[in-house]
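Have a look at this one before I ask anything.
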Amino acid sequence: MSGVLSRAWLLTDTPSSRTQAAWSRRYRAWLQLRTNGLAMAGLVTVAIMIVASLAAPLLAWQDPTAQDLAGRLAPPSAAHWFGTDELGRDIYSRILYGGRITLGMVVAVVLLVAPLGLAVGSIAGYLGGFADRVLMRVTDVFLAFPRLVLALAFVAALKPGITSAIIAIALTAWPPYARLARADTLTIRGSDFIAAVRLTGASSGRIILRHIVPLCLSSVIVRVTLDMSGIILTAAALGFLGMGAQPPTPEWGTMIASSRSFILEQWWVPTIPGIAIFVASLAFNLLGDGMRDVLDPRQR
Amino acid sequence: MLVELRNLRIQFPTPTGLSEAVRSVSLTLGQEKLGIVGESGSGKSLTARSILRLLPSNAVVSAERLTFDGIDVLSANESTLRRIRGARAGLILQDPKFSLNPVMTAGNQIAEAWRIHRGGSRKLAEQAAIDLLAQVQIRDPKRVAGAYPHELSGGMGQRVMIAMMLAPDPELLIADEPTSALDATVQAEILRLIEDLVSRRGMGLILISHDLPLVSHFCDRVVVMYAGRVVEEVAASELINARHPYTRGLLECLPTLSHRKRRLQVMQRDPSWLDA
Amino acid sequence: MLASSFASIPITLFGLILVTFLIGRVMPIDPVIAIAGDHAPPDVVAAIRERLGLDKPLYVQFGIYLRDLLHGDLGHSVMTSHPVTEDIARFFPATFELATTAIIIAIIIGIPLGVLAAQRQGSRFDHVVRVVSLAGQSIPVFVLGLVCLLVFYVKLGIAPGTGQIDVEYEGLVPRVTGMLVVDAMIAGDWDSFWNALAHLAQPALVLAYFSMAYITRMTRAFMIESLSGEYIITARAKGLSATRILWRHAFGNISVRLVTVLALAYAGLLEGAVITETVFSWPGLGLYLTVSLLNADMNAVLGATLVVGLIYLVLNLMADLLYRLLDPRVA
């Protein structure tokens, strides 16, 4: 009898319980993901980012808001690993705290967007008819705007800042999830097991929540991971345009905006946050690509 | 001798090493009709396609001898192969829904085959295409020439395939399950058409199928494959006297109207057949 | 089938207008305060409110908004004191020039790259193409723009700086289309032409890179799918050359879907243009939008958003239409 969670238990061809089957499936997906070198690089980078952001207070030994006008725009040195910005603040610490903000924004957006998109999509797909048409029209309207432009308009109407940016990005990011969930739901809706559950008297709500939504999850997860890079870029763009996080908050896009004029001589000041954005975005893209190949190859 | 295969071996890489799909197959073909019979996974398609080296790119092929009309196919370069493919040997696939190009008209696809190997102007090729469509017994060749594959029925699609492959006037035709995707009534028509055209043009034919009686009816010789090996090679007329237990099993589990049986036989697979 | 996609336009359009209106009127910022300032006396505030029609109920306001819209009136820009429609008409050509140049470059480079990468799937070439595309989707536009300015303008000195044309040449070319390069050609002013072209190069190339990343990725994905089709085996069996199979057969099968991708890529360029214009001080719609934002000029912001949304809608529609028209299977 092989131990629980041992390799043999996970790879068995004859699972004896639903839990074992589920874990077996996850383990196999993990093994397949592991063969993809680029995806692994993405995963490791993302993991490092998360750890660094959570541990920012420990890793950043200098106060990211501490100004030192005498030592401003200093090149990288032992004291300041990434140099100092236009107000003499330590860029390294600001990058770390900036990572917190970026990841925080991304997580906030995803937490808003994924459930909303799933709900709208699965309800529309399952109920069909009038509800479907109405919900899809609403989705279409939001899809009709280019993401950044609509986000800018929203942020302008609300007040520029991190919260507005999060809401604005979320409002423009949810439609594709609704579409995805609806497409999945339409595929599942006609299955025999759904008919069976209906025959036992389950309400629509219960069917959607307990039977349909879990099956839509894998494509949504893939989309979320791929979308994260887009969210990071949009958040940074908002920051760069002065519409997102406001100075002195060390958001990466905002940092670039305020140090833009120093690109000529002290090029590292705006460039290093740029590299940070690039690395974060690329890591999520690589990871998302890998996850898509494993979980949902249909999605392009 | 049109085709000569000796000890053909085809392997595919898998996460657990190389898996053998075709192991040590040998056969020869002259100007005759050869049938290759076997179930899915027996390696019959791969064997036939290896003659034209039309295998998936990850296939590992080796053979003592693999020649077409004396030309060594295994070591030939792309341009030599391209002179064999189409011009000297044609391949018909199973389902015209997938094997015909969906965004080219039937006429264009046939004309292309004609022009590549025979040259000539576009108009000439278009006319030749219509002629060929008439030869494969399509009643309204002009309309079909201008039609797209999704507008044609299965039977018509296969006729288009046949016309396309016969356009360059090859010496050999390989038909890989040409009727498996068709209705029973159309199947016989298509096979008779193939047989007729092949005989009239003096071509060799390799007919691949899982349908034993069908193959025995239309071919001169029959080769039976199982698990990547040839287990029996016999003249079509001698099929009822086949000796290998697999072939006998295939023959015996066929329902027949002439000999009444209480129960249909079920094939009993002997693992020793894998090593034969 | 075509009818249904046409039928959805008015609804989506209406939704667009409604959303834009709501952003402008319902969101917390009080436009009156924006005009009058925090310390204006109450009767001035009331007068402004009445003049702007903000004292009426919401649905009446929306009706007025719609009516104005149908007359082509998007309000006045607080910043430029011109009608917004006039401003947009003045700034749009520069964006059009930039976006069109970018998409042409992206198509010429991106499609062959995607096709060849698919043909050589798994090879080193393919990996390089994939990484380059992926990088193009991960790097922020403004970072690339700034880096390019730094490298090519500052350090290497081979590219001109920001703006559409050097200061010395400004105003020399009479405005015909609004696109400086074209206007310079029309006027026969070759010095201005080359200068304008040099200025166009950097932002266009930066934008082109992003478009190209998307186009290459989709082309490659479509081609890989196409190359695995049975009809490719048939084509090989016919003895056709590899080039012919690749372009006439495999590419021919995806060209329709690719048109849709190209329309979407062009629409995506509008977004990219917003940031690129900010970095390169390119006097287009994007720059107008961002400057209006910084000045809290809501009329301008909403007007520009509506116009961009409209263009986006039209492009998406065209993509859909072209697909239905060109694909023989959907005919």
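Here are some notes:
Chains here go by letter, A, B and C, matching the order in which they are written, and residues are numbered from 1 within each.
Just so we're on the same page, a contact is a pair of C-beta atoms (placed from the backbone, for glycine too) under 8 Å apart; a residue touches a chain by one contact, two chains touch by 3 or more.
If you're wondering where the values come from, they're calculated on a predicted model, not measured in any experiment.
On a Cα centroid basis, the chain most remote from chain A in this structure is B. By C-beta pair count, the most extensively touching chains are A-C. In terms of their C-alpha centroids, the spacing between chain A and chain C amounts to 24 Å.
Chain centres here are Cα means. That of chain B falls 52 Å from that of chain C.
Per the touch definition, chain A reaches chain C in the complex via residues 38, 137-138, 140-142, 144-150, 152-159, 229, 233, 236-237, 240-243, 253, 256, 260, 263-264, 267, 270-271, 274-275, 277-278, 281-282, 285-286, 289, 300. In the complex of the two chains, the chain B residues touching chain C come out as 52, 54, 78, 82-87, 90-91, 93, 95, 98-104, 112-113, 116-117, 148, 150, 161, 164-165, 168. Chain C contributes residues 229-231, 233-242, 249, 252-253, 256, 327-329 to its touches with chain B in the complex. Those residues of chain C lying in contact with chain A across their complex are 8, 11-12, 15-16, 18-20, 23-24, 27-29, 131, 134-135, 137-143, 146-147, 149-150, 154, 218, 221, 267-268, 270-271, 274-275, 278, 289-290, 293-294, 296, 298, 301-302, 304-305, 308-309, 312-313, 316.
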